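Before anything else, here's the structure in question.
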Amino acid sequence: MPDPAPSVELKGVFKRFGDVTAVDGVDLTIRKGEFFALLGSSGCGKTTLLRMIAGFEYPDSGGVLIQGRDVARVPPNERPVNMVFQHYALFPHMTVEDNVAFGLRMKRLPEAEVAERTAEVLRTVQLGALSARYPHQLSGGQQQRVALARALVNRPEVLLLDEPLAALDEKLRQEMRHELKALQVKVGITFVFVTHDQEEALALADRIAVMRGGRIQQLGTPIEVYETPTSRFVADFVGVSNLLEGAVTEAEPLLMEGKGDARRALLDVSGVGSVAATLFNGVKAGDKVTLCLRPERIHLASDGAQAELDNRQPGLVESTVFLGGEVRYRVRLAEGRELEVHETSSPLRPVRRPGERVLVQWRAEDARAVAE
Amino acid sequence: MRRSPWLSAAGWATLAFLYLPLFVLVAFSFNASKYGSAWGGFTLSWYAKLFSDNKILASTWNSAVVAGISSALSVVMGTLAVVARGRGEEAGGRWQDAFFYVPLLVPELMLAVGFLLFFGLIKGDLGLLPLVISHTTLTVPLVWLIVKARFEKIDPRLEDAAVDLGATRWQAFLKVTLPLLMPAVVAGGLMAFVTSLDSFLISFFVSGPSTTTLPVQIYSMLKFSISPEVNALSTLFFLASFALVVTAWLLQGGEDAALH
Amino acid sequence: MSVEESHHRRLGWPALAWLSAFLGVPMALIAAVSLATKGPYGGVEWAFSLGAYGRLFDGLYIGVFSRSLALAGLNTLLCAVLGFPIAYWMARSSKRMQGALVLAVLIPFWTNVLVRLYAWMFILGRSGPLNSGLVSLHGGEPAELLFTRGAVVLGLVYEHLPFMILPLYATLEKLDWALVDAAQDLYATPRQAFFKITLPLARPGLTAGAILVFVWTLGDFVTPDILGGSKVVMAGNLIHQQYLVLRDWPFGSALSLGLMAVVGAGLFAAKRQEAAA
């Protein structure tokens, strides 16, 4: 399949506010029809980037291209993009219908067409019955759908979403993830959203750009970002990781299909001892590295059981938290280091008690070392 | 101290202290007896007398004209200043704010004296102009304060959303910000009107024999010729302020719910 | 800020120009006139003189100023004592009730000063309802209630009480009452909780109210004029007299600036106290 045409291209974009560099040289191509996430903590530049695509900020230098046209200095009302604002920014003095029709009326479309398209999009988001209500008469989830409808009715080239689910409570948020994903597939429009919630980015996006200090730290699919973080920051920010400092004692190429330059290595990790791990991006013997070990990739066996995996260590359960579907442990290794371990709960697997001696083990390919 | 019956007794007593004199005033404006507090039966004659007193009618007219013009001027200037200032907290904005806060902090007597000198040194008959100018100076900051309070409650993303949906900045202001601002603009206008109507100190120092305002007229009646007519006049004056203040209050509170 | 927001900056110019002209020039004039000489028939002669300031330190005027300060202080204290319970009561009422109560306090506040003072003048007068009541109960001559220092104090409190209640209420309304509960949970008696928790937390409102009452009392001349007859002279009456009766503008201006200096010093002291707390 050929690469689809780009929907949004950012070329060497810089933006400063006074002394603060908000966006520090970003190059990024977002494909047509893609569900794209800008992920980072507050102040990382993700919102500024989104506002530059929308046209609320102009870059100090660099290009912003939408469908191949440079719009870096085009005001928001002349760009083929629409936005779902944080907290939705629904006009409080207008009904749902008038909110949704706003953009079409600004374009001076005939009133018959406005009515038809408004009704159609309200059906799409299942709000047809509420079109005469005012925003403050709606629940949070309904307000969210009005905000979506108000943007989508204009059939934008790109839909921008600023923390789209942040204002909803946990249960509704889970539901809206599915709805949003289904909606995006249905309308086939490029979605670009900003979030500080790594789980949301993993759940929704086709690709994620993890941002920090105005730059993109890593760009990839959710699986790539989660499984093969290329930096300590990404490993720490996306998901939960045990991060252990160590040095490479020996490294050899590892021939694994589709794993690029991955190599098998032995590391000396303080508080753990010698660890078999997988190395990325040109780390050599003698280099200092950070070992990332996901808690769900560590397995516990009863003391004295047969070891099955590459790495094994005796340990002592320090604390146990039972969460229903999952059990979380803090386990101290013989060398002194404490690890976070998550196991799926199952009637076939015992819940370990604090003070219990266990065998802690993990695979070499689940232990990933990145340069510090 | 919480929920103690003494507390609510103290609260109601203080309210009684605030209102009792005004009620006494209203009640005795219907008293037929000319002197003191002996009740001489119900009458509306003091009101009838008011409406045939040329001095009172002239000063009422003056007050209404001055209050009308100065509240209109201050609504326009105050609202524009709020919109122009925007939401920024940068030094320029703060510096502008000082202009509006100063008149609210300076004792009214100082303003009165300043205007006396200002208009005293410009010789010649300026008619109601000195009153309009001085009252507007007093009411611009008031309108500014009321409109600004509401402006700051309006989510700036609303205007961004309108622009994102194809409106120009100007259209976004007209379609979104202005309608949301409107209750405060009207409330600001009403409060400006009341303030101008109420203003005694400044009017007293600035007005001339032919430009007496209602409060100045009441003052001279209190000093020189008390009669139950004053009760009637005060009652009407009280009711007018009451109506304006309650309306402004309802306007300011009413739509707040819609802004979350 | 957005790219286009700077475009409508100049919409603010009319208001700024208006205030600069009609606030700045009159204030500057007060300063200028205070340094000039009184004309032969009142008004001003533009000859530089510090004479007006010299007269400020006359014992007579210092006396009036210090009595005004004392009266303003007394009024502030009385307003605080009377205002606190009602503000507290308002803050602890239901939300619906709070709105109504704020309006109830605002209405007298926005009623014309002369109307309010006249009400008291009428009530306290020799043949007013209060005196008729007293006479019919106890007999004898009507008491001299009006045109006394007491009447002036009563009028000042009546007039300025809302200035204290509203800021106090605004502060108390935002107070987290769980703190008071926490204090009582930690063995404080209600009285101790009030003095250790509520009162210190209400301080910003108390300070704001005190500043307003103090400043406005010092600038008042109508209350002593109406309720005090000519027996109680405050700084405001002095200024009024110099301008409108004696037509000594330079001295009136010097007095005004003196008053302003006293007010400024008061504000400064309150600000420093607040910063220290």
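Chains: A, B and C, in written order; residue numbering restarts at 1 for each.
The rule is simple: a contact is a pair of C-beta atoms (placed from the backbone, for glycine too) under 8 Å apart; a residue touches a chain by one contact, two chains touch by 3 or more.
Treat the numbers as computed from the prediction; the structure is a model and nothing was measured.
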item	value
Subunit C and subunit A - chains in contact with each	B
Central chain (distance from its CA mean to the mean of all protein CA atoms)	B
Chain whose average C-alpha position is farthest from subunit B's own	A
Inter-chain pair with the most contacting C-beta pairs	B-C
Rounded Å distance, subunit A centre to subunit C centre (Cα mean)	59
Distance between chain centroids, defined by C-alpha means - subunit A, subunit B (Å)	55
Separation of subunit B from subunit C, taking each centre as the mean of its C-alpha atoms, in whole Å	18
Per-residue multi-chain contacts in subunit A, two or more chains	56, 75
Per-residue multi-chain contacts in subunit B, two or more chains	160
Contacts with 2+ other chains: residues of subunit C	2, 4
Interfacial residue positions of subunit A with respect to subunit B in the complex	54-56, 75-77, 81-83, 85-87, 89-93, 102-103, 106-107, 134-136, 150-151, 154
Partner subunit A, residues of subunit B touching it in the complex	155, 157-158, 160-168, 171, 175-176, 179-180, 255, 257-260
Residues on subunit C engaged by subunit B in the complex (per definition of touch)	1-2, 4-5, 7-16, 18-20, 22-23, 25-27, 29-30, 33, 43-44, 82-83, 85-86, 88-90, 92, 99, 101, 103-108, 110-123, 125, 127-129, 131-132, 158, 161-162, 165, 177, 180, 190-191, 194, 198, 215-216, 218-222, 226, 236, 239-240, 243-244, 249, 252-253, 256, 259-260, 263, 267
Residues of subunit B touching subunit C in the complex	1-3, 7-8, 10-11, 14-15, 17-19, 21-22, 24-25, 28, 35-38, 76-78, 80-81, 83-86, 88, 96, 99-100, 102-103, 105-111, 113-118, 120-121, 133-134, 136-137, 140-141, 144, 160, 169, 194, 197-198, 200-201, 205, 215, 218-219, 222, 226, 230-231, 234, 237-238, 241-242, 244-246, 249, 253
